[in-house]
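A, B, C and D are the chain letters, set down in written order, and residue numbers restart from 1 in every chain.
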Amino acid sequence: MIGYAFMGAAHAQAWRTAHRFFDLSLTPELTALAGRSEPDVRAAADRLGFASVETDWRKLVKRNDIDLVDICTPGDTHAEIAVAALAAGKHVLCEKPLANSVAEAERMADAAREAAAGGVYAMCGYTYRRTPALALARRLVADGRIGTVRHVRAHYLQDWLSDPGTALNWRLDAAKAGSGALGDIGSHLVDTTQWLTGQPITGVSALLETFVKTRPMSGDRAGLGGVGGDDVPHGPVTVDDAALFTARFAGGAVGTFEASRFALGRKNALRIELNGSAGSLAFDFEDSNALHFYDGTDPVGLQGFRRIHVTEPEHPYIAAWWPPGHGLGYEHGFTHQVVDLVDAIARGEQPTPSFEDGLAVQRVLDAVGRSAAAGSEWCATAG
Amino acid sequence: MIGYAFMGAAHAQAWRTAHRFFDLSLTPELTALAGRSEPDVRAAADRLGFASVETDWRKLVKRNDIDLVDICTPGDTHAEIAVAALAAGKHVLCEKPLANSVAEAERMADAAREAAAGGVYAMCGYTYRRTPALALARRLVADGRIGTVRHVRAHYLQDWLSDPGTALNWRLDAAKAGSGALGDIGSHLVDTTQWLTGQPITGVSALLETFVKTRPMSGDRAGLGGVGGDDVPHGPVTVDDAALFTARFAGGAVGTFEASRFALGRKNALRIELNGSAGSLAFDFEDSNALHFYDGTDPVGLQGFRRIHVTEPEHPYIAAWWPPGHGLGYEHGFTHQVVDLVDAIARGEQPTPSFEDGLAVQRVLDAVGRSAAAGSEWCATAG
Amino acid sequence: MIGYAFMGAAHAQAWRTAHRFFDLSLTPELTALAGRSEPDVRAAADRLGFASVETDWRKLVKRNDIDLVDICTPGDTHAEIAVAALAAGKHVLCEKPLANSVAEAERMADAAREAAAGGVYAMCGYTYRRTPALALARRLVADGRIGTVRHVRAHYLQDWLSDPGTALNWRLDAAKAGSGALGDIGSHLVDTTQWLTGQPITGVSALLETFVKTRPMSGDRAGLGGVGGDDVPHGPVTVDDAALFTARFAGGAVGTFEASRFALGRKNALRIELNGSAGSLAFDFEDSNALHFYDGTDPVGLQGFRRIHVTEPEHPYIAAWWPPGHGLGYEHGFTHQVVDLVDAIARGEQPTPSFEDGLAVQRVLDAVGRSAAAGSEWCATAG
Amino acid sequence: MIGYAFMGAAHAQAWRTAHRFFDLSLTPELTALAGRSEPDVRAAADRLGFASVETDWRKLVKRNDIDLVDICTPGDTHAEIAVAALAAGKHVLCEKPLANSVAEAERMADAAREAAAGGVYAMCGYTYRRTPALALARRLVADGRIGTVRHVRAHYLQDWLSDPGTALNWRLDAAKAGSGALGDIGSHLVDTTQWLTGQPITGVSALLETFVKTRPMSGDRAGLGGVGGDDVPHGPVTVDDAALFTARFAGGAVGTFEASRFALGRKNALRIELNGSAGSLAFDFEDSNALHFYDGTDPVGLQGFRRIHVTEPEHPYIAAWWPPGHGLGYEHGFTHQVVDLVDAIARGEQPTPSFEDGLAVQRVLDAVGRSAAAGSEWCATAG
């Protein structure tokens, strides 16, 4: 695994836990962790349970005792690492967004396609697909339970930048992160809605906004923040604080999208609602064990959004865990990601989301950027 | 009063009820009701409590025993009636949207300005301003409790056209209604958010969609629907089923707007959320007695959206009604509208929303229409 | 009508409104209002729309121009007034609880039975039966949609006495009110659950508590409170602040009941949940337009409590009002009560809840009182 | 660890995970797992990560390489194992309820007191104390934020026995489980409310009910059920399906309690509400990352239950986990239990809940049983 901040901790927990609850054909071993600072990476490896460390990821991707490389670094490094790892014959799990540009993503998708021909697989970490409630939603859409999708309403609302005193970090630096709320959380909306509906987004009209243009600089640039005083030197925020767009899907649905880190009071409100001709679905990650389903075929007068507590053995992934009503948390999605990835590799099948799926997201993000730069004019997601 | 369908019933109940609960300086009398069909209007007058009827609104607006004309007809007739009534020295309450075009609305605003100089007042019926929870929200914004507004999230979701078998009615006819979901319910979003934030919308990027292009024709065109069979002749739907747009407000806020009659399962979900620098507010008309308030100045660790049950004597309009917790219904907003209108007239002050406010909404609706026609390009709300 | 405080205002609004929305065979006229103080009763009659006044209810019940007497006075006067009115051949609507003792209630039920033989009817005002969501719940139970009821969970939580500074009023005086939270709001729980389940309560084990034993005396004893200072003389609270009991129903269900005016933050939380062998129902008056229904026969994996927005024409009472999603308020239950009462009288049928039903509630309240006095020992509801 | 069913899996995950997220002074090692069947226990040890196995718990508690014994077996074995382990100088974590009788619990508490004198500690596994939202609730009560507690409303609702076809298992056998819903889930209510309020329960009036008296027998008696056919032989259910009681607390609060496995649609609804003189708190495990707090000192007109999303670094246990809004799941409470236990042992302090606390719960359960057997008569919790 390369990188060991927030995502590294989540991934490591998943690698340690998957085989304790699920029957895996292959048992993951946490062989090596890579990072630039030796003392830091060594401490992290001890904490996270890795057997060895590397300070140069290039060494890690070539080690013979490694079968799979898990990339948890900022987006500007994804392409180089992933391509190298695939070239070295390692399976790859790469955090989202896949890359910082369509060009990089295309290079990665090409590499993945080539590797897959040789039985080496790449997966992109759009983990919310593995939230049981969303996996159930996907099943219901696929089974036709909501009919033709007409409306997609997708919001990802956080508030951790709402305070102008919150310091700069790499996620606010376009060179490292590619974009702001758009790529960090908006990308989840794009992947999740394309996957849920089974429809690619064909075009968008967008607006990006940076509410706070400069922020205190901080020694700590690795984490999610840190607060600086008034006399601290300020640097520019080079990414969007919020991304708003309307979209059309290939199957005729229309969508409103909003990703923001300035929605005060909303902590991790990934909210998705689909309205179809036969039913509707609604989800909010702030109540992540529930899926709301409106069945338009229920008897008239008895229709209503039902709150399905997605903790039954019949629900995706749940049989491996606890009895009904005993909910799962954020990191379980990562464990399920490991389960599905390991399972696909063992079966010699392409895991999803593939790098191709990651590239499809990138094309939408790119169209959003172009539209916003061109006064919200409609931009097709060329592909 | 002119017109006696859905809105007529709501207005009549308000006129009958206001002085039973509120201390009004003037006591409303339901003098006359106008409609085209004599038997129908007479039956309606009996039911609604009007003392006399007219089959020509031109006669009604000239009667000496009438001080105020309440216009509850489709939008294509508003301008002519309102201008005539004001010219005849009658106060006017006109249902929303103010008109079907900016030109009409300008004519009405001009007439209203002129009349006001002579102590005759006009008001536009954006009733949701009188929902106690939204009136409380306005008070909190005005008091600075949420700081600078950054995000406006405004959805008005209904589903009564979701079934393609629902028959045509005047609300689906552009000639009568001007537009579809946009003018009928989107206009409420525009007025309510401009009023709540105190900021005009300066520009929009929009997308309109008509999911069902033709519908069964029906003898009944007055109401909200009626279902026709398969062999019934079909006619075209000439308005939008859904309107989606992003917007910028004069004070720097950005907004996402969505008005739809195809959001299956959402019945009258007027949802508004404001995220400011110091707090947030959220409202949903499907739970209309509640306002959700997030106070960013609460102690860290104790912050959360609080559900204010807006039924306390300290809340707007409530002291006149029931003890705490005994909620109000939809029509109470109309009663409050009467209270505020009568009160303004008695004090010789301009009631709000004025026709000027109604015109401001019209300009936004017009910009939405232009943007949608021009591939979502950004359109300023010329004013 | 006799009495014109909180309940009087609600009843008057119902009498004025019912025929405006519903087709009634008889049109109510507000003929006379009775109260002890002539200036007060005259002002109230003007406000509420009554044509004349009486300062002695004995005169009112004998007037030839009166067909129905509506009793909105404190409980200690119900029996005398109701019996006299029935004897005078007037239909009677009597506010709940029916009386302050089983003996009084028996006398009233006897009088009602006798009067009914002559086509004169009496009804007891347990209005919550007319809340559309609860009427829908009753329909679902009667249709077997939740199977055999096993659990009844009934709470009525208010908080208006939570502040020890709130002054004494008649509702805190056992001589006038009979009991405290028990009779005032607990009686609603008893009636509503017996009616919903179709099962009488057969026995209870109870606990009563008075948290604040003395309160400031106040000149204002008519309303819901008023706050006195520290130096104000105090008087004793002679009723319960909270009543808690467990119960058994004739059909095998067990129930927990709680009525309190000390549940800080709960304003009018009449909450009822029924768990049956085939489904469950949940209701909270603080979101009074919703009924939550769990259908145990839904496909496994898709079960969940669905929030039925009880605003569809298919729902009880709704067709007379507004389009879907446009909710009703507290007083609509009183309007529906008038509709059902007038309808029953017109058809020559016994309206429900009858005085017999009111007596059944009284027997449960009495058993609660006896159990609480006897260290919670099990007390059957003798009947 | 002894036992490896549902609780064993939860405990093992906690032991494996605690030191990956928290800084522990001691690092847990999963040395040995005990169970009666060698192949089964060996498979479980592999799955759960234990280094060795024992088929006789007596051997396990004497092994020199073991410092702490974690008891995850049915209640009838707790006393013998715990006393033996403490006698052998091992720290003990014992699942709840502490025992099947007061006598056993007293023996265990005595043993624990004696062991503690020698620096060997015992803890009882009332894990819900470690749910962050409830730990925050405890902090708020302790800080006086809700004033004097007046009402305790505690329900634990499940529905896994609602189907009469669900087979017998050890939890339905009084000899093994002691009691039914009462001990299994009602015990959590008792411990959690005594701990939250800081007040012991002084007496109760109770009612126990067994809705389904016989059930199919099943080969599988270890898990949570399994469904048998009609021709399967039936055996008696010897425990309660539901337990309802009212209670008084030492500080003057009154409480309603209900524990049921027949509340159809409620999966793991541990619901606790406290109403105090200054505020209220409400929690539902079905939305376990939220605590609802009503602050009676908020400005009048702005009071309301606020939903605190208990995922901030300021909240108990959260700083070790994910960013705000990324919720925790059921098993995290077990991890926190390990953290607090290890921490207490390392500091040489008594961990809580102690066996004394577990005994206090047992006394309440015993009073409930006595009261139910005596027609709900009031029973003091002798202690």
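By definition in this document, a residue touches a chain if its C-beta (ideal position, glycine included) is under 8 Å from a C-beta of that chain, and two chains touch if they have at least 3 such contacts.
Just so we're clear, the structure is a prediction, and the values are computed from it rather than from any experiment.
**Student:** Could you work out which chain's C-alpha centre is the most distant one from the centre of chain B?
**Tutor:** Greatest centre separation from chain B goes to chain D.
**Student:** Going by the touch criterion at the top, tell me which pair is linked by more C-beta contacts: A-B or A-C.
**Tutor:** A-B
**Student:** Cα centroid separation between chain A and chain C, in whole Å?
**Tutor:** Their C-alpha centroids are separated by 53 Å.
**Student:** Starting from the mean Cα coordinates of chain B and chain C, work out the distance between those two points in Å.
**Tutor:** Distance between chain centres, rounded to whole Å: 35 Å.
**Student:** With chain centres defined as C-alpha means, what is the inter-centre distance between chain A and chain B in Å?
**Tutor:** Computed from C-alpha means, the inter-chain centre distance equals 40 Å.
**Student:** Taking each residue of chain C in turn, which ones touch at least two of the other chains?
**Tutor:** 159, 266, 294, 303-305, 309, 312
**Student:** Show which residues of chain D lie in contact with chain B when the two form their complex.
**Tutor:** It comes out as residues 136, 140, 292-295, 298, 300-309, 312, 314-315.
**Student:** For chain C, which residues count as touching chain B in their complex?
**Tutor:** Where chain C meets chain B, its residues are 6, 9-10, 12-13, 16-17, 20-21, 47-49, 158-160, 224, 266-269, 285-290, 309, 311-312, 321-332.
**Student:** Using the touch definition from the top, list the residues of chain B that touch chain A in their complex.
**Tutor:** Where chain B meets chain A, its residues are 146, 150-151, 153, 155, 157, 159, 162, 205-207, 209, 211, 242, 244-246, 248, 252, 254-256, 258, 260, 262-266, 273, 275-280, 294, 296, 303-305, 375-378.
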